[in-house]
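Scrolling down, you'll hit the structures one after another.
The two complexes that follow have subunit A in common; it is paired with subunit B in the first and with subunit C in the second.
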Partner chain A sequence: MGEVPAWKDDFPISWVDDHYVTRREFTKSLGLVSCAAFAATGTLAALGARRGGPRGAPARIAGVEELPVGGWKVFEYPEPGDPCLLVRLDRDRFAAFSQKCTHLGCPVVFRAAARKLYCPCHEGYFAAEDGRVLAGPPPRPLPRVNLERRGDDLWAMGIQS
Partner chain B sequence: MGDGNSVLARQRLARRAKEMAAIHAVMACLFVLVLVQFLLLMVAVEAFLGEKPAVLLPAALGSGLCFAASCWLVRSGIPARTGGA
Partner chain C sequence: MLDPEMEFFMDPSRCIGCQACSHACSECDTHRGVSMIHLEFVDRAESTQTVPVVCMHCEDPACANACPADAIKKTADGVVQSALQSRCIGCSNCALACPFGVPRYVARIDQMMKCDLCYDRTSAGKRPMCVTVCPSGALAFGPRREIEALRRERPANRFRFGRQEVRTKVQIMLPGEGDALEMDVAELMAEGDADGRSSGVEGRLPDFVGR
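Up next is the complex of A and B:
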């Protein structure tokens, strides 16, 4: 019962000693954690600096006469699979936004009568003019697509938050 | 002779107590600095995901200052290891 097993002679490791961490080691570990935190924050800052400005190449998204006043159209920009919403506010006023709600990513829809973009998942409302949050849980405005009219066509010129 | 030894022992103990106090103070400062860095990292992640680049650079600079202070504390705050204990 009290005998030392044979394998302990082959592997003479003291677990207590092996897991013992001195203050010096702990302090050095804290220094390493500090280095890692700085590296992570610096990396985010570098990535954020590179990402500044509108994203996406110019692309034709619709014809002017495709949409009636109060109408809306879903298109994909800047990449396929990134849904955006084009709305016609007046005869000569268009606006386009990312269709993903900034709360949890549900698709927003246009309510022409209220001139608002509405997220049905959690009752979020955005202004159709500029995408700002009017009500509900969304924390940020909708990313806006810059539009340019070229003749009878509407072109997306980049998307920005 | 015996009195001299006990005086020396007391002096050694007092010096060791001072060193331990210094090491504990360094550890506490480092801990606070690392906590501040984690807070800055959380702010940076939130700003990155929320696309608010104006917050990122100050967060990185603050984290860098904390890291520099940590390095200084680790290098100069801990007495060099001596041969015995």
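Up next is the complex of A and C:
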């Protein structure tokens, strides 16, 4: 039998040799996988950053005197079927948020005495002023609806996700 | 891991052609319906003699050397496995390369299939399926001293093809003194016998079963 050609090393017949991974091969695959993961997360981050900015056309949602202080009202914005919550915090302060809890999508309710938005499904609490998470499992603040007062009416000017 | 003491012995002179081995093989759940052991007629026109063909598990397997897809692998305990499903391209190179005619191309699945010594059974200490059913002892699996005590024939595992010698893991039982088998391929592939009678495919088998 003649000399064993070099390519035979790459395609060994022995099962053990076929399964053997050299340190160089392992390091190479480790490097390639890390580069791919880095590029993938970078792409996702770039795509996420490009989104942003409020969505939705301006729409009238309520009259100023419609709600008492501590009162709340559900409206649909920016599309029909997207429930949002308008709350009156003070005489002059209003806030509006998406009603879908950021955890699993249950509707949140306003607790006027505690000035908190409460999700009954898993005991999630959000601040009524800015929608940030106070307690419970929700991972992100509630998307906030920008409000504008036009005379005696309140207008939604886009939702900030 | 295969017990190194346990060896496969094949004695064609004891084969009675009952097909039990191939039926038992095809009942295996890993390849149901397809037998990986074949029963060949030595010279069908002249004799009813049959010979079971199991993979001989060569030390340097020709099938694996000929495989362009790197699909045939040999385990550390010397068992040449059937083609890896994900790699086999069904080219039949192995079937042409094997000096014993073991690998078969199965068109239905476009893959080669061959005997793997029931690796799932033998590596767990059980005997191959064909051995468990062979009624005449043509196929045997056990320690060498046990076989040598029981039989007149002597086990051999060297086959000479011209100047090339093929050594196998499976032992073939030889009568008399010889410990190696001369395989004169040119003679076996002759188109006709001395008396002018054509010997077909059956005539291509070696002399060890006594024509």
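Definition applied: the second predicted complex is superposed on the first by the 110 of 161 C-alpha atoms of A that agree within 3 Å, B and C clash if a C-alpha of one lies under 4 Å from a C-alpha of the other, contacts with A are read in each partner's own complex, and residues count from 1 in each chain.
Keep in mind that, in the parts below, a residue touches a chain if its C-beta (ideal position, glycine included) is under 8 Å from a C-beta of that chain, and two chains touch if they have at least 3 such contacts.
All figures in this text were calculated on a predicted structure; none of them were measured in a lab.
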Touching partner for A:Val4 - first (subunit B), second (subunit C), both, neither: neither
First (subunit B), second (subunit C), both or neither touched by A:Pro139: first
Per-residue contact with subunit A, leading partner among subunit C and subunit B: B
Which superposed partner A:Leu44 touches (first subunit B, second subunit C, both, neither): first
Which of subunit B and subunit C A:Asp18 touches, first, second, both or neither: second
Overlap of subunit C and subunit B interfaces on subunit A (superposed complexes): none
Subunit C-facing residues of subunit A, complex: 11, 13-16, 18
Subunit B partner contacts - residues on subunit A that touch it in the complex: 23-24, 26-28, 30-31, 33-35, 37-38, 40-42, 44-45, 47-49, 51-52, 139-140, 143, 161
Residue numbers on subunit B that touch subunit A, as the complex places them: 23, 26-27, 30-31, 33-34, 37-38, 40-41, 44-45, 47-48, 50-53, 56-57, 59-60, 63-64, 66-67, 70-71, 73-74, 77-78, 81
Subunit A partner contacts - residues on subunit C that touch it in the complex: 61, 64-65, 70, 72-76, 81
